[in-house]
Amino acid sequence: MTRHQRQIRRAQLLRIFAQGMLFLTLLMLSGIVIFILASGLPHINMQLLFGDYGKYPSIKPALLGTLSLTLLALVIAAPIGIGTALFLTEYTRTRSHLIRAIRIASETLSGIPSIVYGIFGYLVFAVALGFKYSLLGGGITLAIMILPLVVRSTEESLLAVPQSLREASLALGASKVRMIFTIVLPCAMSGILTSLILAAGRVISESAVLILTIGMVVNKMPESLMSPGTSLALDVYYFGSNGYPEQAAATGVVLLIVMIGINLLAVFLGKVFGKGELMHG
Amino acid sequence: MGKNAISVKDCNLHYGSVPALKNVTMDIRERKVTALIGPSGCGKSTFLRIFNRMNDLIESCRITGEILVEGNDIYASGVDVIQLRKTVGMVFQKPNPFPMSIYDNIAFAPRTFGIRKKAELSEIIERTLYRAGLWYEVKDRLHQSALGLSGGQQQRLCIARALAAEPRILLMDEPTSALDPISTGTIEALIMELKAEYTIVIVTHNMQQATRISDKTAFFLLGELVEYGGTQKVFSNPFDGRTESYITGRFG
Amino acid sequence: MRTIYRFIRARDSLMRGVFFACALFCLLALGCICAFLLMDGLPFIARVGAANFFGTTWNLHENLYGILPMIIASLYVTGLATLIGVVTGLGTAVALYKFCPKKMVHPIRQLVNLLAGVPSVIYGLFGMIVLVPFLREYISPNGVGYGVLAASVILGIMVLPTIVSVSLDALDAVPKSYYEGSLALGATREQTVFTVMVPAAKSGILAAVVLSIARAIGETMAVIMVIGGSPVMPESLFQSVRTLTANIAMGATELFGDAVTALVATGVVLFVFTLFLNISFSLLKREKA
């Protein structure tokens, strides 16, 4: 074989290797999902979903916990995140140092591991503010965690709004605030909604933060936001490591279904709103 | 002799350290159409955007000199830009209707200034659409999206939208350059009608258009005002050799 | 009319203030996180002494807080997971790029994106009820399934979606003309991809690697479900150990006395690691741009 032929041969082997890896990736990723579905689906029943936690475990407290954590985190992170993105995109003319600092802060925040957020939440809410373990503390910590995500994707949606629309509204005598609320935000709405939904997904799948902030009390319904609680993801961990593998898999299926639903909703929103809105880009 | 709507004295404008306008002095007559012509990048659009302070949006832009609109220095401190932009309307190169209904597009400016009553708004909408020659085409679909209109209709909608703010001066930045010849004709006819009530300053690339619709023409080259006078005079008997070269098509 | 302008101006500056406050909040949040961690963590390290804190024994009852075993375990797991993830993920990306039926590319990408959203506890659960028993029965020489290998495999799979989609983006960003130019010179498709396109996408691929390192070192839940949790020096792939993240999460269930501050100090160390990775990631991104 000549050197040239050997080179061609080697590249072909690499190609076969790459194709094998593609196959392996698909096999592993879908294998995990299929396995969880197969071992969890048969164990989903009314007792698990909506029963009282007694002799048999139930995820009713987790459903309530996940719902309240998600709403809490979004209610806090959405206005602050959107406000920050508006400040960064619509008012960047002055104070460029400040803008840079905010960018760096938000990038750094997005890189912090969630367990570090957890320990921060524990120090601030459970200890310093004296909340003990509470849904409120967990929700606020999660809000801070998703803030960079909301800021970044809102910024992208805002930047996609054509400059010509901003100019048109300003030229008509609109103030900046009126321009933002009547033109810029409505045009960017689908992108912002999509990013909020994805942020909700991040909250729902999170568990490391919650171990340290809401306490993983799996067997009691939370009475208020100041009560300790649990979430779907925490329940998966709890059931898994406390000898209920079937319930863990069933809870995992519920979690997966919620996540897939959320992703589909995001795609759907993007399609529905995305059309006809920014026609003249 | 009419009054001056706009009066510019020794205006210099820089983007960063790059000069874009050099010592421009020029008076613009009330209720006349004034055309600004010149090759691309000569500063005519920049000049137009001085009068409603749209250059404020560009960070590195610095302006010196005295710019009076209806006798008031618009770059003095304490000037309300919003009030200025209500007096000085603008129509852009590419039709840019908002992605909302025709009705809401026109109602945008009146609502900005606190008009909320339905009857009042409807009256303004009918009047301005009529004024812009669009009423009969759209009166049955006022609540449909403005993006469904043709390019020419969109541009007339933008003119109507500007008129709804009740300006006295109308700036037009190459308003027909994105349109087909028929729509261009309609818009030109509209401009001729509007000049009875409004002072119109129009930037155009199209010299035939300038001769067809303007009373006075200003020729810009490399940030300088080379020649300014009656349109007839500028095109038939220019004072400056560079103007002649440009209008006869030797460059630009 | 006058009052309307005054009202508009007032509303404008008010809202500007509101947006500004929101932006400040982001700065403040980062400041608070740093302040709380450092204020609690650094004095602790100073008090027990760096030799103790970076020592080899973690025993809360004897006031020994050595996190060296956790650092080592974190590095092992991260390194091995990244190796697994990058080899598989990069191969997958290249196959998706040119060596896969065109019709399949889009659905596979969608699927991979969807899988990127699978919560990490699901991966952990899979590891716990499938991978660990499998390793114990068939692979492990000592009858232990928990440990570095199990954690690495799970994390390696977990970071796959990220690696695939970031490196595929990087490959897609390479100008098509390179490909055509190389083919025109007589190279085969395979040669072109491996000797021209992949090297041209180098910095983007490197960014994917850094990103996955950051995810692997920061991951908690998937790890604690398969790693065992004994705070000892890792000496084998099949042995119950603890990573930095696992130390914080597992310590949380045994909070007493100085234990909390020890966990905070562990958090500081983790924070420093990820900060370093973030900076390298931004530098790589800047270089690419």
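Think of it as A, B and C in the order they're written, each chain with its own count starting at 1.
Methods note: a residue touches a chain if its C-beta (ideal position, glycine included) is under 8 Å from a C-beta of that chain, and two chains touch if they have at least 3 such contacts.
None of the values given here were measured: they were computed from a predicted structure.
Participant: Line, ring, star, complete or other: which one describes how these chains touch?
Facilitator: complete
Participant: Which chain has its C-alpha centre closest to the mean of all protein C-alpha atoms shown?
Facilitator: Smallest offset from the overall C-alpha mean is found for A.
Participant: A-C versus B-C: which interface comes out with more C-beta contact pairs?
Facilitator: Pair with the higher count of C-beta contacts: A-C.
Participant: Which chain has its C-alpha centroid at the greatest distance from the C-alpha centroid of chain C?
Facilitator: Greatest centre separation from chain C goes to chain B.
Participant: Could you put a whole-Å number on the gap between the CA centroids of chain A and chain B?
Facilitator: Once rounded, the distance between the two centres reads 47 Å.
Participant: Per the centroid of Cα atoms for each chain, what is the distance between chain A and chain C, given in Å?
Facilitator: Those two chain centres are 16 Å apart.
Participant: With centres defined as the mean C-alpha position, give me the chain B-chain C separation in Å.
Facilitator: Averaging C-alpha atoms per chain gives centres 55 Å apart.
Participant: Specify, in ascending order, the residues of chain C that touch 2 or more different other chains.
Facilitator: 8-9
Participant: In chain B, what residues contact two or more other chains?
Facilitator: Where chain B meets two or more other chains at a single residue, that happens at 82-83, 112-113.
Participant: Send over the residues of chain A in touch with two or more other chains.
Facilitator: 175, 178
Participant: Using the touch definition from the top, list the residues of chain B that touch chain A in their complex.
Facilitator: Within the complex, chain B touches chain A at residues 52, 54, 57, 59, 82-83, 85-86, 89-90, 92, 94-96, 98-100, 108-109, 112-113, 145, 147, 158, 161-162, 165.
Participant: Where on chain C is chain A touching in the complex?
Facilitator: Counting only chain C, the residues touching chain A are 8-9, 11-12, 15-16, 18-27, 29-33, 36-37, 40, 87-92, 94-96, 99-100, 108, 111-115, 117-126, 128-130, 157, 160-161, 164, 188, 190-191, 193-195, 214, 217-221, 224-225, 245, 248-249, 252, 260, 263-264, 267, 270-271, 274-275, 277-278, 281-282.
Participant: Which bits of chain C are touching chain B when the two form their complex?
Facilitator: Contact set of chain C toward chain B: 1, 4-5, 8-9.
Participant: In their shared complex, at which residues does chain A touch chain C?
Facilitator: Residue positions touching the partner: 7-8, 11-12, 14-15, 17-22, 24-26, 28-30, 32-33, 35-36, 39, 79-84, 86-88, 90-91, 98, 101-102, 105-109, 111-120, 122-124, 127-128, 144, 147-148, 151, 175-178, 180, 201, 204-208, 211-212, 233-234, 236-237, 240-241, 245, 248-249, 252, 255-256, 259-260, 262-263.
Participant: What part of chain A is in contact with chain B in the complex they form?
Facilitator: Per the touch definition, chain A meets chain B at residues 93, 162, 164-175, 178, 182-183, 186-187, 276-280.
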